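Each structure below appears as structure tokens.
Below are two complexes that have chain A in common, paired first with chain B and then with chain C.
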Partner chain A sequence: MKNTKELKTTEYDKKENRFKTIVKRLFNNKLAIVAAVVILAIIVIAILAPYITPYKYDLMDIASKNQGPSLKHFFGTDDLGRDIFSRIMYGGRYSLTIAIIAVLAAILVGIVIGSVSGFFGGMIDNIFMRIMDVFQAIPDLILTIAISAALGSGFDKTVMALAISRIPNFSRILRANVLTVRTQEYVEAAEAIGCSKFRRITKYVLPNAWTPLIVAGTMQIASVMLSLAALSYIGLGIQQPLPEWGSMLSAARGYIRDYPYQLIFPGCAIALCVLCLNLLGDGLRDALDPKLKD
Partner chain B sequence: MDGNEFLEVKDLVVEYTSGGRVIHAVNGISFSLEKGKNLALVGETGAGKTTVAKSILRILPDPQGVIKNGSITFENQNLLKLNGSEMRKVRGKKISMVFQDPMTALNPVKTVGYQITEVIRKHDLIAKKDAIEQAKKMLEMVGIPGERYYEYPHQFSGGMKQRVVIAMALANKPDLLLADEPTTALDVTIQAQVLEMMSNLKETLGTSIILITHDLGIVAKECDIVAVVYAGEIVEYGDKESVFRNPAHPYTKGLFGAIPDLHSNARRLANIEGLPPDPSEPLTGCCFHPRCKYATDKCAANKPELMEITPGHLCRCFQSAN
Partner chain C sequence: MGRYIIKRLLWMIPVILGVTILIFSIMYIVPGDPATIIAGQGATQQELNEIRERLGLNEPYLVQLGHYMYNIFCKFDFGESYTTGGSVTAELMTRLPRTLMIGFTAMVLSLVVGIPLGIIAAVHRNGWGDRISMIIALLGVSMPQFWIGLLMVILFSVKLGWLPAQGIDSMACYIMPSIALCFGGLAGQARQARSSMLEVIRADYVTTARAKGLTEREVIFKHALPNALMPIITLAGSMLAHIFGGAVAIETVFSVPGIGSYLVNAINKRDYPVIEGSVILLAIIFSLVMLLVDLTYGFIDPRIKDQFAGKKKRKVKERP
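Moving on to the complex of A and B:
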């Protein structure tokens, strides 16, 4: 009886692959799971917003403007009598979508630049990295504002501005990893079995080098959301009447003394989202760390 | 050499550049190999053995390693003249390589089976299903159950990983196998198994092997021809029997002298005094003369050529010629 039991556990160990271990480790981290659930909830709310919000985001009711939180308007109303609760639920659509798309785009470009310059080295590496230096010499937010000011406001242009300012970050992380991976013997072995450079990069180097980008990406979504809020606050980025959280802050900034709740609620939404993304990023980093044994 | 050799390496010169310094890794190595024969490249660390193997496959680190001179003829084709895509067809198909450290020679994120299948499918346009079948057969051939196809390298022990590496190298039934210290990272019992397996496979597949090693015991067991490499040059070359019975070069004698003897009471192991020459600095005369007990003024001034001392047994030393 004892023997069969032992046999079963070893069989189980064998079948367990890397992905499963990572998920298991992540589930052991309660804080990260709570954060993931909150983010998921925000995403679901944003998707279902048109069906579940009590009011439409741009429905104005001048008669009941600047009202404090009540049962009728959970988070109160703004200076045009729009329901802040509904606008925050809608706001996830803009804040999160833009942040996620911008980070994905930046990761994609970062992967190309990072892997090419890390793998080929020499002149190509030098050229790419000096260009990245130029971008990195300017603080993230200033760079975003500059690009955004040059391109103008709007969804696609804002995404572009936010993405461009994050590319150096990702390409540097990946390049550093590619540099260590490409000297591994299995990459050399891949050349010895007749793999082309492209195949070596995509099948051998990248799969072994890109995991840190998951963590960096999660954290960067939070940072991009803050940049986006800042952009909208100063009048770039997403414009009224669209209910982006940063632009809601911006619109309400004149009433901070009289109606502070108009800033507090969108501010809380941003803070909650950023906090959860950072917690999830931390959890992912721990779960992906190969040196950690459980 | 009748021009119809299976593999002929002629006057191979390889240099590495590192931080502005030029390192002369291989300085004019020539040898040839008949089909079905095994050649051993013996020598100490840094002698240029691995560089020779990598030159044959042309996988020297780019751009640091450059083949400066020489020709490598394989099945009547000068490998150094082939372009990138022609060369990729040779690698893994006609010539394949087993690397020194099995721990790092497998891609950690792919299953071992996938990696073998990839080698097969790279060179043979066969259906995936057939390739998987063939890969499983290869695994079984090296003594690993086929159902372990879907496992990852970290689930294998060192010896099993090396078998997987060998299975990968032999998957396309190459004509030539370059084995770069295939047993150095393994413990003695596994070493014996791997060597046994390699020689069995050689019998069944008819593959020639260039074995790079510093273990003379392995050479005695596996090889037909021995080339002793020192400082990027062949100092002694000949068939196993003549080199082992009558080592002619002082360096070869030193190597044999360094093998510990079970029956001797010596308290210290014999060694060869001194260190190999710095490959970045040119050396006049015989490359071994600074360490050689028998060195004369002639050795320091002139460079000896490879001279035939008995038929088929060559040695780069003035002493042995007399």
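Moving on to the complex of A and C:
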């Protein structure tokens, strides 16, 4: 009895240590940490937006429309006299939230499809993977646009369109990992002591197969943000008066000759956010698997 | 090799059929009556009925799907536009060359610029070349392509007046859309080229090549690069998905009358046959290019060629 207990504690320590080394490696990567801080700051700003923005995002002031950047309006005002700085601060609420929810939803469905497909193999695997083939035969953004065109614009519909098009990515990654994990001895041992299939998947296979999804998820949030911006730009996604960054670009495109600053700032917000997500994703990948580092 | 090609070709058929069923079904479940879209809000009940009868909208789902697929794959007919009444196929065919022109120029640009950037980065690892290349690559994947396009319009059309901001009146009109569209792929290609070059450079045969006294140029281009090419080519295929996706927004930015802008206009007018046609055509082209990439892969990598070579040949090879 004593022996098993000891074994358990060392196992636990091992896990703890592994986690610690990963965190340590991540903290050694200064660029990734800076990126993480910037993303955190953008999230905090988005949450606190109603309290800290100088103006409300939909406050129109026709008298001061299309003003360039100044001390009163840091990023200037748009065609309806709304403060662009405030709108960008609010914008994170839509751009980031939609991207994060969409990716989480896609990961969730991807986990179900990937684990079932990889664990059971055979016919089930074949059917799921052939369906994924069909989805992946359509370029990501085109599929998103098609689904979004059918569903219409709006928060929940956009999330759905973005999530569906990313499911194949995650299910394939997970399936590949489940395939390697399921042949390990401990999974066979679990089968030998009579664990049900569901228990084997959730208790033994998934915890050992899901880590690559962290990196893929971070990278996908970045790519979904770009898709969302394009979606809003072509008139789907999130529409005015809501201050989503892509839709701000869409609204400003008519003023490209006279007031180009209206196009520059929202684009910078998107680029900064996506850049930091990519840097963080790179950092996470290196921390989780240093072998892969270049 | 022949078997590999045939297998790969045959596999394309169910995928394309699947794409057609998927897209048709997505558009089928959309709420809203196509007859009302065609006839307008003020149409009488009789007019609506006539339209429904003519387009077969009263038929059950499977019959409509069957008709649609029969028309596409046996007659190459994507139906007619709800708003203009014209043939979708004809319109797609006039627009396709423009989209392909932009898409393939962007693809060539991203390969021609991206791969050397990656090689420079790998060869001068941790040096200035590496840093600058990777900064370009990171910025490339992080900026929305259509935004790069907009910035280019501000700089080159509005401020400097060098290039036309929109249209396709001259070849000069294709310059900015292609460049704007190439950034995403360029960045991905540079990162991939760098990491696969780094992997190869450490290999023993590269050390051997150096030890033989070959010049650095010969080591890189004759020994390292050919072995690093495989992942780069694989990426080129998925890059095209990126480019086709990006083309939709880019064509809108530059008012290029290609398939992308056709699709966007159709979405705003809820012109479903056009949406279906554009998406399916883009998916078919994308699948064809992926096929091409896979085949090149087969030709370049002797292992894959061998895997699908005739059984006889393999047996001979396996003999010790």
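Note that the second predicted complex is superposed on the first by the 273 of 294 C-alpha atoms of A that agree within 3 Å, B and C clash if a C-alpha of one lies under 4 Å from a C-alpha of the other, contacts with A are read in each partner's own complex, and residues count from 1 in each chain.
Rule of thumb we're sticking to: a contact is a pair of C-beta atoms (placed from the backbone, for glycine too) under 8 Å apart; a residue touches a chain by one contact, two chains touch by 3 or more.
Every value quoted in this text rests on a predicted model; they were computed, and no experiment measured them.
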| item | value |
| --- | --- |
| Contact breadth on chain A, by residue count: chain C or chain B | C |
| Contacts of A:159 with chain B and chain C, given as first, second, both or neither | neither |
| First (chain B), second (chain C), both or neither touched by A:249 | second |
| Contacts of A:209 with chain B and chain C, given as first, second, both or neither | neither |
| Touching partner for A:132 - first (chain B), second (chain C), both, neither | neither |
| Contacts of A:150 with chain B and chain C, given as first, second, both or neither | second |
| Which superposed partner A:270 touches (first chain B, second chain C, both, neither) | second |
| Which superposed partner A:222 touches (first chain B, second chain C, both, neither) | second |
| Chain A positions touched by chain B in one structure and by chain C in the second | none |
| Of chain A, residues touching chain B in the complex | 14, 17-18, 122, 184-186, 188-196, 203-204, 207-208 |
| Touching residues on chain C, where the partner in the complex is chain A | 14-16, 18-19, 22-23, 26-27, 29-30, 125, 138-139, 141-147, 150-151, 153-154, 158, 165, 194-195, 198, 240-242, 244-246, 248-249, 252-253, 263-264, 267-268, 275, 279, 282-283, 286-287, 290 |
| Chain A-touching residues of chain B, taken from the complex the two chains share | 57, 59, 63, 84, 88-93, 96-97, 99-101, 104-110, 118-119, 122-123, 151-152, 155, 165, 168 |
| Residues of chain A touching chain C in the complex | 130-131, 133-135, 137-143, 145-147, 149-151, 222, 226-227, 229-230, 233-236, 246, 249, 253, 256-257, 260, 263-264, 267, 270-271, 274-275, 278-279, 294 |
